[in-house]
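Next come two complexes, and both contain chain A; in the first it sits with chain B, in the second with chain C.
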Partner chain A sequence: MIEFGHFSLCLAWILALVGCVYGAFLGCRAGSSSQVEFTRRATVATSVALAMSLVGLGYGFVTNDYTVQYVWQYSNRDMPWIYKITAIWGGMDGSMLLWCFFVAMYCALVARSSVSYPRPLRPWLYCFLNSSTLFFTTITLYLTNPFRYVKSFVGSDGRGLNPLLQNEYMAIHPPTLYLGFTGLAIPYAFCMAALASGHMSNDWIRLTRRWTLVAWTFLTAGIVLGGHWAYLELGWGGFWAWDPVENASFLPWLTATAFLHSVMVQERKGMLKIWNIFLVALTYSLTVFGTFLTRSGIVQSVHAFASTDIGWVFLSYLAAIAVVTVGLVVFRFSDLKPARAIESLLSREAVFLLNNLVLLSICFAVLWGVMFPVFSEAFTGQKQTVGIPFFNRVNIPLFLALIFLMGVGPSIAWRRSSPRQLARSFALPFVGAFLVATALVWAGITEFYPVLSYAICFFVLMTILSELQRGLRAQSGITDASEWSPSNIMSLARRHRIKYGAHIIHFGVLIMTVAITASMAHKIEREFTLAPGEKFVVGRFALELSEFHEEEKANYSAIQAHVVVRSLKDNSILQVLVPELRFYPRNKETTTEVALRMGQREDLYLILAGVDESGAKASMKVFVNPLQVWLWYGAIIMILGGVVVAVPVARVTTARRVELGGVSQSI
Partner chain B sequence: MGRVFISLVVFFIVVGAVLVFQATRGTSSLVLMPSELIARAHASDLPRIRVGGRVVDPIQYQTEPVFLLSFSVRDPKGGDAVVPVEYRGLRPDMFQVGRDVLIDGDFVGGVIKAAKLQTQCPSKYEPAVPGATSAAEGS
Partner chain C sequence: MSISLVLSMLLALLVGAFLTGAFFEPAFAGDSVLPGSDALRALYDSKERSLRAIKDLELDYSMSKISPEDFERSKQELSLEVAVILDEIRKHEQR
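Moving on to the complex of A and B:
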């Protein structure tokens, strides 16, 4: 079966090569329909071959085939079967194979729906789709092949997956994140195919937006799942540490978000054409850069990176992307002139451009922070680094500016707004925000950024609500229903799904912003030691240690502290928390298991730090994280909004396909 | 298009550069290996540091009256240079002898006073163990 997996990988590489080269050939010389169809089928077949390759590797894990080096390194007989499956992407080699499969799967989905796309676009589209698959398959096959056998006998059992990765989030977080990353290859392929073929109408940009939305939604979900996993598992009470691994996923998210806004300006007004190409290429480049960052070892991280010599391959590919993009833009420059100019700073297109610039500023700052050790060593000979304080200091004001623009953008007119229109739209939200800020200061919250953050969030909430009310008023004129009746709201949402889907996303962002502000500004953190029967008071809770308990599991032993959480108000028992200390004898690792009381007002986050030698006292650390749960609620709302926006676009695109088919006939 | 677009871009480049420059100047740390730290131990202007090292024996961990973790680190690639570390805080997960750690703090009286201690945790980006042959080449 391992040979089968390896053979399938080789087959996928050949198919991707054929699809890429033959696609370019047909793009240059008008080939027959059957030749184009052959390229399309090669694109679909690549994904099938990679799926078989993945199955081959998975079979090695499930059957404990420790003659395979990768299986031996990341699995053992004691591991539950679910972790044997997740171990497929537990190391660099397998994660690259999964990456290849997802890229190829996206390419196959595009290829399946591409039959009615304009004829000149198709060969180039297959060429660029397959070029992504080809690049990653080449790396997997030649540099990080997971189908290698161990050279000498290593024993009848494997080393096992690291305990921190033996977690249910391992099953969902990496695949979701990869679905986000790899999906961003599709907009790049559409963009380059449009430039190469000269089919420069807005069709490609509509198709691109749909795929960007899908990838963006997965990437958002992946990033949030990673944060949630870190929060539950790592025991430091936080969810985001500006680590290079986190930043690697955040960078393309920022540029993809910028593109999703600026693409509307191109669709509506025919502006920002080169800017959008730049954003699409930058987004794809940043996904490749992220892969390079986590697999080259050029920067230090709390995550163990491979210090491999494959960095030059990624850098070469990045250089190729830059050359191809710039070359094609220069080649088609005359077709990329904007239809009109931005007439006023007080217009929606100007606000969207501002939004893009803020997002790119954040992107630049994060990139600078990640690469600062490399830059400082190159220019001064002395390696320096920056940490969380740098990222917070730069990004907090930029993020608040972004949130503010989120309120302004959807409520300002296209082309030009008069001061009177602005006053009508924003006077009430401004007054509301000012009152909120005043009330907070009066209540004792005097730090600048938290007050500003809450006030801006309230401002944006009011703009969203007033926008909704305007829409409902107009809708009730059509349907004769009362403004805020469920039927009126539903019919409005159905008529303007994309617009209100975007508002749902913005609402989710607002909730997340409030939660992040609260958990950063008002967090309580305490360390204490208790004997059974003793109490410790934190926030509005009293923590009482009741007993210790020892447990033996298949692959670890644990000591548990049973801690009764009481309300300070009435001494009632709210919950019994059971933080654990685990010891994994096979890996000789000790880990802590956080006990969490999630609440709407705050999370109570308890860690068992140690038990003294006599076994009579437990040392613990506790965090009280205000409004933490709202961060996850906000993320869920954001993702739902992404789905709402993506679904109607998909339907419209289906309709467009017929239209495009007609266009292609005329071409 | 030109004037508004270029004005906005220039404005953001200037604001971004100022923000990044100021934050970098105010928050950066020198990255050193334990051996490099010892070599510079007598420098009077040693700023805030980040040291990447491998934990060596012995580890002492007290939980009363405060959490205090005392240990030493050496260069991950080996060598004799060993620097003691004191960290006032919770022992991180996976922390043990032989594990690579990142320490942020100050070097005071020959000891790193750590403000932050992170154990390098495993990731899906870890390299493979060397010494294997591909399936195509046979076992």
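Moving on to the complex of A and C:
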């Protein structure tokens, strides 16, 4: 089966090469419809071949085929079967293969629905779709091939997966994140195909927006799942450490978010055409850059794969993306002139532009923080790192500005708005935010940023509710139903699905912001040592160590502490927490298993740091993280909002669509 | 013959048949339709944008985001814009 997997990978590479080269050829010289169909089919077949390649590798893992170096390196016989499957993407070679499959799968989905796309666009679309698959397949086949055999000695058992990766989140976090990253190749392909073919109508924008939303939703889910994994598995009490690889996933998210906003301006006003091309190309480049960061070893990270020498390949590809993008923009410059200009600074398009600038400022700040150690080493010979304080200091004000704009943007009219109208729209939210800030200060919260953050969140919440109320009032004027009746709400949601889907996303962001602010500003962190029977008080809890003992499991040994959590209020037992210290003899690694009491009000997060030399006392670390669970709720709301906006709904089309051969020329 | 070899041959055959099928497919409806000139397509895009702007304007007005004066002024401007575009489209289509 390993040979079959390898053969399928080779076949996929050939198909991607054919799709790319033949697509470009047909784009330059009008080919027959059969030839275009052939290229489309090659695009679809690539994904099938890569799926077979993954099956081949998976079979190697499940059957413990330790003649294959990658299988030997990342699995062993003791591992549960689920981790044998997740081990496919546990190392660099297999993760690249999974990446290739996802890129090809997206390309196949686009190709499948592309028959009705404008004819001039299609060959170039297949060319650019396949170019992404070709690049990643080339790396997988020639540089990180997971089907290589062990050269000398074949062991009876493998080395096993990194214990940190033996976690159920590893089954879902990397694939979700990769689905986000790889999906961003699609907007880039559409954009370049539009430029290359000269088919610069709104078609590519409309098609691109949906695919960007799909990728953005997966990327959001992937980032949050990564945060949740870090929270549960890494044992430092937090979910986001501004780690270079975390940042690598966040960078394209920022630019994709900027694009999702600015694309609305292009769709409606015919403005920001070059800006949007820049954002699409930058977003795709940042996904490639993220892959480069993780796999080149230039930065130190808990997530990074082993250091390799394939960095130059990614850098060359990034250079190629830049050259192709700039070349095509220069070539089509005359078609990229804006249809009109921003009429007033008090307009939604101006706010969206401001939102884009803030998002790109955050992106630049994060990128600077990631690359600073590399630059400092290159220029001074000494590697200087920037830590969490740098990222927080720079990004907190920018994020708060972004949240504020999130409240202003949807409540302001397109084209122009008068100061009087704005005062009417925002007076109540401003007063509400001011009252919230005053109440918080009065309650004893005096730090500037937390108070500002809660006040801004309240301001945005008021604007969202006011938007909903005004929408319902306008809708009830059409349907004659009462404003808050379910039928009126449903009717409004159906008519303006994208608008209110975006409000759901914004509402999720608000919940997350409140949770992040609370968990950062009011976190309690303590270290203590207890003998059995002793107590430690933290927050509104009393922790009593009842016992600790050793456990032997199939592939690790553990020390478990049993800690009884009591309420300080009435001394009742709330829960027994069992933090663990695990030792994996095969990997010679020690890990901590966090014990967590998750609550709506706060999380109690307990880590067993060690046992003292006498063996009579256990050292522990405890965190009380207020409102932490609301971060995950907010993320779920955001993802639901993304699904609402991204899922296509059947629309009535007009005869014009057929006449123009376009995607949809009707509104 | 190993299972890998059999599966590889089978996959190659299926892919080959799938690709060759492209040359036996009838031409797609979308392909047989005239795509329209670039200028005409640009005009339709402008028309679409202007109609959408009117729709947005009416929505903003119904939600009290703009004053009646601004609404009237903007609607007149946009309506005039649509009329000019429709005229241009008609001229193009008559050619």
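Just a few scattered comments:
Rule of thumb we're sticking to: the second predicted complex is superposed on the first by the 632 of 667 C-alpha atoms of A that agree within 3 Å, B and C clash if a C-alpha of one lies under 4 Å from a C-alpha of the other, contacts with A are read in each partner's own complex, and residues count from 1 in each chain.
Rule of thumb we're sticking to: a contact is a pair of C-beta atoms (placed from the backbone, for glycine too) under 8 Å apart; a residue touches a chain by one contact, two chains touch by 3 or more.
All values derive from a computational prediction rather than experimental measurement.
With the C-alpha superposition on chain A as described, chain C and chain B fit side by side in the combined arrangement.
In the superposition on chain A, A:386 makes contact with chain B only, not with chain C.
Using the contact criterion defined above for the overlaid structures, shared-chain residue A:467 touches chain C, although it does not reach chain B.
In the superposition on chain A, contact of A:172 is made with neither chain B nor chain C. Of the two partner chains, chain B is the only one that A:89 touches; chain C does not reach it. In the superposition on chain A, A:578 makes contact with neither chain B nor chain C. Of the two partner chains, chain B is the only one touched by A:591; chain C is not.
In the overlay built on the shared chain, the residue A:612 is in contact with chain B alone; chain C does not reach it.
Of the two partner chains placed around the shared chain by superposition, neither chain B nor chain C is touched by A:643.
Counting residues of chain A touched by each partner, chain B versus chain C, the larger count belongs to B.
In the superposition on chain A, A:144 makes contact with chain B only, while chain C stays out of contact range.
Once both structures are overlaid on their shared chain A, chain B and chain C have a minimum Cα-Cα separation of 12 Å. Comparing which residues of chain A touch chain B with which touch chain C, the overlap comprises 2-3. Residue ranges of chain C in contact with chain A, taken from their complex: 2-5, 7-8, 11-12, 15, 18-19, 21-23, 25, 27-31, 33-36, 38, 41-42, 44-46, 48-49, 51-53, 55-57, 59-60, 62-67, 70, 74.
Within the complex formed with chain C, the residues of chain A that make contact are 1-4, 7-8, 11, 15, 33-38, 40-42, 44-45, 48-49, 52, 56, 115-120, 198-202, 267-270, 339, 411-418, 420-421, 424-425, 467, 470-471, 473-474, 477, 496, 656, 658-662, 665-667.
Partner chain B is touched in their complex by these residues of chain A: 2-3, 5-6, 10, 67-70, 73, 89-95, 144-145, 147-152, 162-165, 174, 234-236, 245, 271, 294-295, 300-308, 338, 340-342, 344-345, 350, 353-354, 357-358, 360-361, 364-365, 368, 372-373, 376, 382-387, 389-390, 393-394, 397-398, 527, 529, 588-592, 607, 609-610, 612, 617, 619, 621.
Taken in their complex, chain B has these residues touching chain A: 1-2, 4-5, 8-9, 12, 15-16, 19-20, 22-24, 26-32, 50, 52, 61, 63-64, 66-67, 89-96, 100, 102, 104, 116, 118-129, 131-139.
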